Amino acid sequence: MSLLLFILLPLLAIFLMPFYRAYLHYVSTVLSMALFGLALTCKAALPLVERVAVDLPLAITFELSSVSWLLVTLFTLSMSLFSLYHLRFSSNKALFVGTNMLLVGVIGLVLSRDIFNIYIFFEISSISAYLLTSLNQDAKAYGGAIRYMIIGAFASLFFLLSIMLIYLTIGVLDLQMIAQRFNLIDEQVQYLILLSLFIALGIKTELFGLNFWVPDVYQASRSAVSGLFSAMLSKSYLFLLFHLAYLLHVSTSQMAFLTLVAALTFAVAEFSALKSRETKRIFAFSTLGQIGLIALALSYGDTALTEAALFLIIVHALAKLMLFLALDLLERRLGSTKSEIFARFESLFLMAVFTVGALSLLGIPPFAGFAAKLSLLKGLAGLEAYGAMALILTVSLIEAAYLFRLLSGFRQGEQKMVVTLSPLERLIFGVMMFALLLLGLMPQPLLALCQEAAQAMLGGYHAAL
Amino acid sequence: MFDSLHPLITMISLAIFGVALLGVLVKKNLFKIFLAFSVAESALFLFFIGNHYTPGLKAPIAADGITRFDPAFMVDPLPQAMILTTIVIGIAVSALGLSMVIRYYKLTGHMRIDKMDELGEEQ
Amino acid sequence: MEEGFNAYRQSLESEEQSIKSTQSVVEQAIAWFRAHSMFVLAYGTGCGAIEMPPTFTSRYDIERLGVVGVATPRQADILIVSGYCSPKTLKRVIRSYEQMSDPKYIIGLGSCTINGGMYWDSYNTIKKLDDFLPVDMYVNGCMPRPEALIEGFVKLQEKIRLNSSEAGYIKYRDNYAHYRANQERLFGAQVAPSYEENFAGMN
Amino acid sequence: MLHFEATLLGHLFFGLSLLVIVALLRKNDGLWHLLLLGSLGIIFYASSLVTLFIGWEMMGWSGYFILSKTARVSTLQRYILFNLGGAFALLGAIALLFSFMGSMMLCDIDLTLLPVWALHSVSALVLIAVFVKSGIIGAHDWVVDSYQEASPLFSAVLSAILSKAGIYLFIVLLLKQPHDERVLFELMAWLGAITSVVATFKAISQDEIKRLLAYSSIAQLGYIITALSLMQAYALEAALYHTVIHTLVKLLLFVNVAAIMAITGKERFSELGGLLYRVPLLFVLLVIGIIALAGMPLLGGFNGKFLLYTALLEEKRALLLATVMFSSASAFLYCYKLVYGIYLGQRPHDESPLHVSPKSYYIPQLLSAALLILLGFLPALPTPLFSAIGVEAGFSALEFTKPSILNSPFGSFNGAVLMSAFGVVFVLILGLLQRVHSKAKAAQNAQDISYCGEVPKAGVNLHFGYGMGHELGRIGFIAFILRRQSRRFWDYLNLIVGDLSILLRSLYALGTQHILLLSLLGFTLLLLGGL
Amino acid sequence: MVLIDCFLMLLLAYGFGFLYYGLYRNLSARVHGRFGPSLAQSFFDSVKLFVKEQSTTFGWMFYAGPIIMATGAVLNVLFIPFINHGDSLQGLSSSANLIVVLYLMVLGPLGNALGVGSNGNPFGVMGITRGLTRLIALELPFYLAVIGVMIDAGSADFSAIFEAQSQEMNLLKHPLLFMAAFISFLGFMGKSPFDVVGAPQEVYSGPATEFSGKFFALLLSQSAMFSFAKLLLMVNLFLGGADDLGDLVLKTFVLFVAATFIGSVYARFSTIQSVEFLMRIPTLLGIVGLALL
C-alpha cells in the first residue's frame, strides 16, 4: 500500500487512455472511487512515510500525516462525486486528462515532503488547471485560461526563486532538514525566501492583493470545473502555505500580517459579491471569502482554530462542489449564468439543493456550516480575538444578503422551464445534501479527526515556540 | 550571503530577469509575454547554475570509465537534475500557452492582452 | 257663536276641563313633562329665523320655559317655520319634520305661512303651509317680536298639556295621503322618499 | 448538538405556539408551519446555548420560506437581514459566554461571574437579538413590511408567536443580572416605552389593516420589554401575562382580518365598511379582541397592564409609568379605528358580492375569545404558573388568594365582581329601555340618517370616518413622531454598502498586467520594509 | 346589604347628577345675565325624552351601544366609594382599586363609539374622532396627577388614599398635581373650553346626532351620573374624600361651581388647540408635581 499509488494510478490511467476512448468517465469514476477506498484503508497506518530512493542522497520522500490524509480523502471524494456527475455526458478526453492530472498534482502537493517535488506538483496542478479552464473552447474560455497562465507563470517564477535561494544557502531539499537549518541562513535572505514563497503561494491560495484574477477564471471555466477548483485546488495550496509557515517558524508579526491579509480577503470578497449579477462570479467571490476565513483561522496557529479551519475546509468543499455542480446542471439546460436564471427554472429538488448549499455556506443551523462557524467563533473567543469575531459576524450578514437575493429568485419570473433531474443526479445531490445535514447535526466524529490532524500539523510549531 | 554568490553572474542574471519582467508588464502582444516568461525562467536558471558551479570539476555524467559518483572532482548533480526538469516544465507550459494564444487569435482575431474584454461583470 | 280672540280662549278652556277629566293621571303627567321640556330644531327656514336668537338671549330668556335649541331633528320636538317658505326650503323642512320623533309640533311664524302674506303672488313661495305640513300654532305679525314668539310657545304648552287628539302629528299620520299628494304635486319627481312605513303600527 | 430539558417557562411558551400554529394549520403550507413549530419547540425546550441558537435560526429561515410565497423581494431581504443580524449578535454573545463559562449548558450560565465589560457586551448582544425580534422602534421596518405582505394566517403566526421568541430569550439568558450592573436595562425600559408611544401613533395613522396590527404588536411588545427590564417578580408576571394575552388577542384579530379579507378580498379601511350586519359574529369577536387589546378592565387584556402599572409604581418609576399609560390610553384610538374601518360606518356603494366566510376561521377566534372572557372572570387563574416560573427564574413567589382576585403590591381587584356587575347592570338597563314608553322604530334604509334635511345620494361616500388619525398629523408633538422615519436610515445604509461593494468589485476587473504590477509592487514594498 | 348600598348610591348619583346639571344651566344663565331654567330642568328633559312616542334605532348594535355606555357610567359610580370610612355607601369599591376605575372610564366612550359607528352617520364618527383625539391629551396630565397620588399613598386602593390624606388633603400637599388634574377634569366633564366633541353647529351635535327618544334620554342621564362619578373621583383623590353625606355635597358642590364658572367664561378650543394646550401646561405641571413628590 505505497503512497505512490495515489500518484501513479491516475497517470497510468491517462497513459492508457487510447484503449478505452469511449468509457473515459466510467474509468475516472472507478479510479477515483478506488483511490478514495485506498485513502480510507490507510487511515490506520498513519503517519506513513515512504522514501523512494533513486540513489541514497537523491531520494524523494512522501509523507501521509493525519492532515494530509484528511485532505487526500477529501480530494478523492470530491473527484469521485465530480466524475459520477459526469457519467451521463459523453466522454471528453481533455476533461479526463485535465481532471486526473489535477488530482495527481493536488495529492502530490499534499503528500510530498521535498521542496522541489512540491514545485513539480505545483506545476502539474497548474498546467491541468489551465487546461481545464479552456475546456469550453470559446473566446471566453481561452481568454480566461491565458490570463490564468500568465499569472500562474508569474507565481511559479517566485516559487522557483525561493527554491533556488534555499538550495544555494543550505543545500538541502527535504522539508524536515530545511526546517532544522532554516535559522542558520542570514536574516535578510530568510526574509527574501519567505517573501517570495508568500507571493508565489499567495497567488495560488488566492489571498487578498493577489486574487484579482480568480473571478475571471471561475467565469471562464465550466461551473463543474470551477467546483473542482474551489473544492481541491485552493485548499491544497492553503494547506501548503500554512504547512511551510509552521515548518519554517514564521515570526508572530508575520503571522499577524497573514491574519490581516486573510481578514481582508474575507471582507473584500464578500463585499464585492453583493451587487454582482453573474452567478459564477458570485460563487467565486464566496469561495474567496471562505478561503479568507480558513486562512484567518489557520493564521492564529492555535489547535482549536486549526481544527475549525480543517472542518471548514471539508464543509466548504462539499457545499461549494454541490452548488457548482447544480449550477453546471442549470448552465447546460438554460445556457446563461446570469443571476436571473434562478427565476427561469422550475424544479423543487434543484431549489432545495441551492437552498441547502447556501444555508450551509452561511453557517446557518442545522447544516454543517454552522458547526464550523460555531467552533471557529469559540476558538476566536478563547483567544480573545474579538475584532475577528465582530468582522466574521458582520461580513456574514453581507454574505447572507447576496445569497438570499439569489434564493429569492425562485419566487420571481413567470414562464419557467421545467428541469428534470436523472435518478443518478438526484442520488449525487441527495447524498451531498444528506452529508451536509449529517455533519451539521453530528459533527463530533469529523471534529475529532480534524482535532487529531490539527495537532499533527501544529506539533512542530508549538514545540519550537 | 551575497559574498558567497558569484557577483558577476548574479548581476547578469538579475538584469536579464528584470528585463524579462519588464517585457511581461509592458508588452501588449500575448506571444511576446510568453516569450518574456521563458526568458525570465532562463535568467533564473543562469543565476542558479552559475552560482552553484565550481570551476574545474567535471560534469556529473556517467561517461566511459566513470561509473560511480565521486564528489571530489564531480560537480553536485542535484541542481543539474532540478534545472533540467524545470526546463522541461517551462517548455510544456509555454507550449500550452502559445497553442491557446493561437486558438484565441483564431477566435477573436487579435492577440492584444489589453483588448481581452470577454470576461467581467458587464456581459 | 261669538267671534274673536276671547271666544277662542273660552272654547279652549272649556275643552281643557272636559279633556282633563277623561285622562288618567299618568297621561296628564306625561303631557306635563312634554310641555315643560320643548326642544326646538335650530333650523331657520325663512326671514323670521332672525327673531329666534333674541329669544334665547338674556333679555327674553326662553330657556325659563324649558325650550332648548337642538341641532338634529331626531332630538327635536318643535319645528318653527319662520316666514315665507320656498319649495326648495320646504323639501328640507318636510324631510326634517318626518325625521323628528312623535309627538312633534310645528309653529308657523308670520302670515306667509297662513296665506302667503306679502308674497301672495310670488312664483316661488308656497301660499299655504297647512297643505303640506300640519301646523299646530300660528304666530302672526310680519315677523312677530320675541314676546309674540314666547306667547306662541306658552299657548303651545297649554295645547300640549291638553294632549288633545288633533295634534298636528296625529293629523299628519292619519291623513298622510292627503299631505303626500300635495307634496308630490308640488315637487313632482324630486319628492323625497316617502315615510310611509314609519307610521305603520304607530296608533 | 441538541440538548433538551423541560422547564415550566418552556411549557408555557410552547403551549402558546402549539395553540397558535395548530389553530392556523392549513393544507397549502402546512409542512413549513410544522417545521416552524419544530424550531419553536427546539428553542423553548433547549437546555444548551447551541440548541437555543439552532432553534432560533431555523425559526428565522423557515419563516423566510413561508413569507417568500407572498412577499416582495425587498421585504424578504429586509426580513432575513434583520433576523440574521439579531441571530449573529446572539451567536457572538454565545461564543463570548462560552469563552468565560467554559460550558454551553444553560444551567451553569451565571452572569455574575463575568467581568463588567463582558457582562455589558453579552447583555448588549443578546438585547440586539431581542430588540430585532420584537421590532423595537429602530428596527421595526421589517416587522411592519413582513406582517403586511405575509399571508393573513402567517402574519397571525408571526405576530402571535414569533415575536415572543425574543421575550423567551431575554428571560432565559438575561434575567438573573447582578443588581448594580443594570444601566443597560434602564435604557431598555425607556426604549420599550418610547417604542410603544411611537408605534401607537404610527398605528393610528395607517390605512392598511395589517400594518395597523403590525404597529400595534410592536407597541404591545414595547410594554412587555419595559416590564421585563424592571427585574422584579410582579413585573415578570406582568410580562408573562401580557405575552399570553397578546398572543390570544393577536391570534383573534389577525384571523378576524383574514376572514374579512377572504370575504371581501380587500385589505384597506378605505375600501371596507358597514359589514356589521352582514357578519355580526365576526364583529362581536373583533369587539372582544379590541377590548382586550386596549386593556380595558372587563376582559383579560387589563390584567397584564394592571400588573405592569403596579410594578412600575412599586419601583417609583413615575415618568415611565406615565409614558406607558399614555400610550396604552392612545392605543384605544387605533382599536376603535380597527372596528370602525371594517364593520361600522356606511358601506361604500360598490355592491361587490360577499363570498361565504370559511368556517375554519371561526374556531381560533372563538377559542381565544372564550379564553379572554375566562381570564376576565378569573384574572388570577394563571398566577400560580407564573409565580412558579418566577421562582424558577430566581424571584420570590407571588401572593395568590383566589383565582378571581388578582393581587399586586399596589392593590388587588376582583375580576368576577367586575364582570358580573357589568352583566347585571347591562341587563337591568336593557330591561329598563325595553319597558320605557317610547317604542323603537327601525330606520327605513341606509339613507335615512339626519343629514341636514338632505337625502344622501347613493354615490356619496359616507364612510370617510376611516381616515381617523390623519388629524394627529396636525398636532405638533405627534406630527414630530409621525415624521420620523427609520426606514430612510436603513435605505441610506444599504446605498452606502452597495456603492462600497461596487467600488471593491472594480478591483476584480483589473487587467492581467495591472495585477502582475500590483503583486510586484507589493513584493518590492514588503522587501524594502522587511530589510 | 351591598345591593341596597349600590342602589342607594345609584339613586344619589342620579339625583345629584341631574341637580348639578340643572345647577350648571342655572349658574351659566346667571353669568349670562338671565334667570335660566328650574334646577330640575335636565330631569324634565330626560323624562320627556323617555316618554316620547317614537325613537329611531339602527339595528341591535345601535341599541346596545348606549346601554354599554350607561353600564360604564353606572360601574364607575359603583366602584368609587362615596364616604371615606366605614362601610356604608362603599358600593363595590372594596373589590377594585383606582387603576381599575381609571380604565373603567374608557368603557363608556367605547359603548358610545360602537353605537354611533353602527348608525352610519358621518357626523357621528367625526364627533367620536374628536372625542378620542381629545381623550389622548386629556389623560396625560390626569395620569401624571393620579400616579403622584398613588405613589404618595403607597397603594392604589381608595382606603389607602384616604388614609394618606387623613392629616392633610392632597390639594394642599401636592397643589401642582391638583392643578394638572383639575384642568383635565374640566375636559372630562365636557365643560366649555374642551366641549368640542358635541359642538351642535360644527358636527351636528357630534356623537348624539342619531340619538332620538329614549336613547338620547339614556345618553343624558348616563352623562349626568358619569360627571357626578368624576366629581366624586376628584374629591376622593384630592380633597380627602367625604367624611359624611353633607361633607360630600359640600365638596362636590365647591368643585362643581369652580368648574362651571371656568367653563362659562372660556370660548371653545378646537381639537388641535385643546390637545396642544393639554400637552403643554398641564403636563408640565404634572411632571413638576411628580418631581416634587
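Note that the chains are named A, B, C, D and E in the order they appear, and that numbering of residues resets to 1 at the start of each chain.
In this text, a residue touches a chain if its C-beta (ideal position, glycine included) is under 8 Å from a C-beta of that chain, and two chains touch if they have at least 3 such contacts.
Fair warning: this is a prediction, and the values are worked out from it, not measured in the lab.
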Keeping to the contact definition above, tell me which chains border both subunit C and subunit E.
D
Based on the averaged CA atom positions, which chain is farthest from subunit E?
B
Which of C-D and D-E has more C-beta pairs touching across its chains
D-E
Average the CA atoms of each chain to get its centre, and name the chain whose centre is farthest from that of subunit C.
B
Chain with the smallest distance from its CA centroid to the overall CA centroid?
D
Quick one: subunit D and subunit E, Cα centre-to-centre, how many Å?
33
Would you mind pulling out the distance in Å between where the CA atoms of subunit A average out and where those of subunit E do?
79
Any idea how many Å lie between the Cα centroids of subunit A and subunit D?
46
Could you state the distance in Å from the CA-based centre of subunit B to that of subunit E?
101
Can you list the residues of subunit B that touch 2 or more other chains?
24, 113, 116, 120-121
Residues of subunit D that contact two or more other chains, please.
437-439, 441, 448, 450, 452, 505, 512, 516
For subunit A, which residues are shared contacts with two or more other chains?
147, 150, 154, 188, 215-216, 276, 281
Please list, in label order, each pair of chains that touches.
A-B, A-D, B-D, C-D, C-E, D-E
Residue positions on subunit E within touch of subunit C in the complex are 25, 29, 32-38, 41, 44-45, 47-49, 51-56, 200-201, 204-205, 208-213, 216
Mind pulling up the subunit A residues that touch subunit D in the complex?
147, 150-151, 154, 158, 188, 191-192, 195-196, 198-199, 202-203, 209-210, 212-216, 268, 271-276, 281, 285, 355, 359, 362, 364-366, 370-371, 373-374, 377-378, 380-382, 384, 386, 389-390, 393-394, 396-398, 400-401, 404-405, 407-408, 410-412, 440-443
Within the complex, subunit B is touched by subunit A residues 55, 57-58, 116, 119-120, 123, 126-127, 130-131, 134, 137-140, 142-147, 149-150, 152-154, 156-157, 160-161, 163-164, 167-169, 171, 173, 185-186, 188-189, 215-216, 219-220, 276-278, 281
Which of the residues in subunit B come into contact with subunit D in the complex?
21, 24-26, 113-114, 116, 120-121
Residue set of subunit B touching subunit A in the complex reads 1, 4-5, 24, 30, 33-34, 37, 40-41, 44, 47-48, 51-52, 69, 76-79, 81-82, 85-86, 89, 92-93, 96-97, 100-101, 103-104, 107-108, 113, 116, 118-121, 123
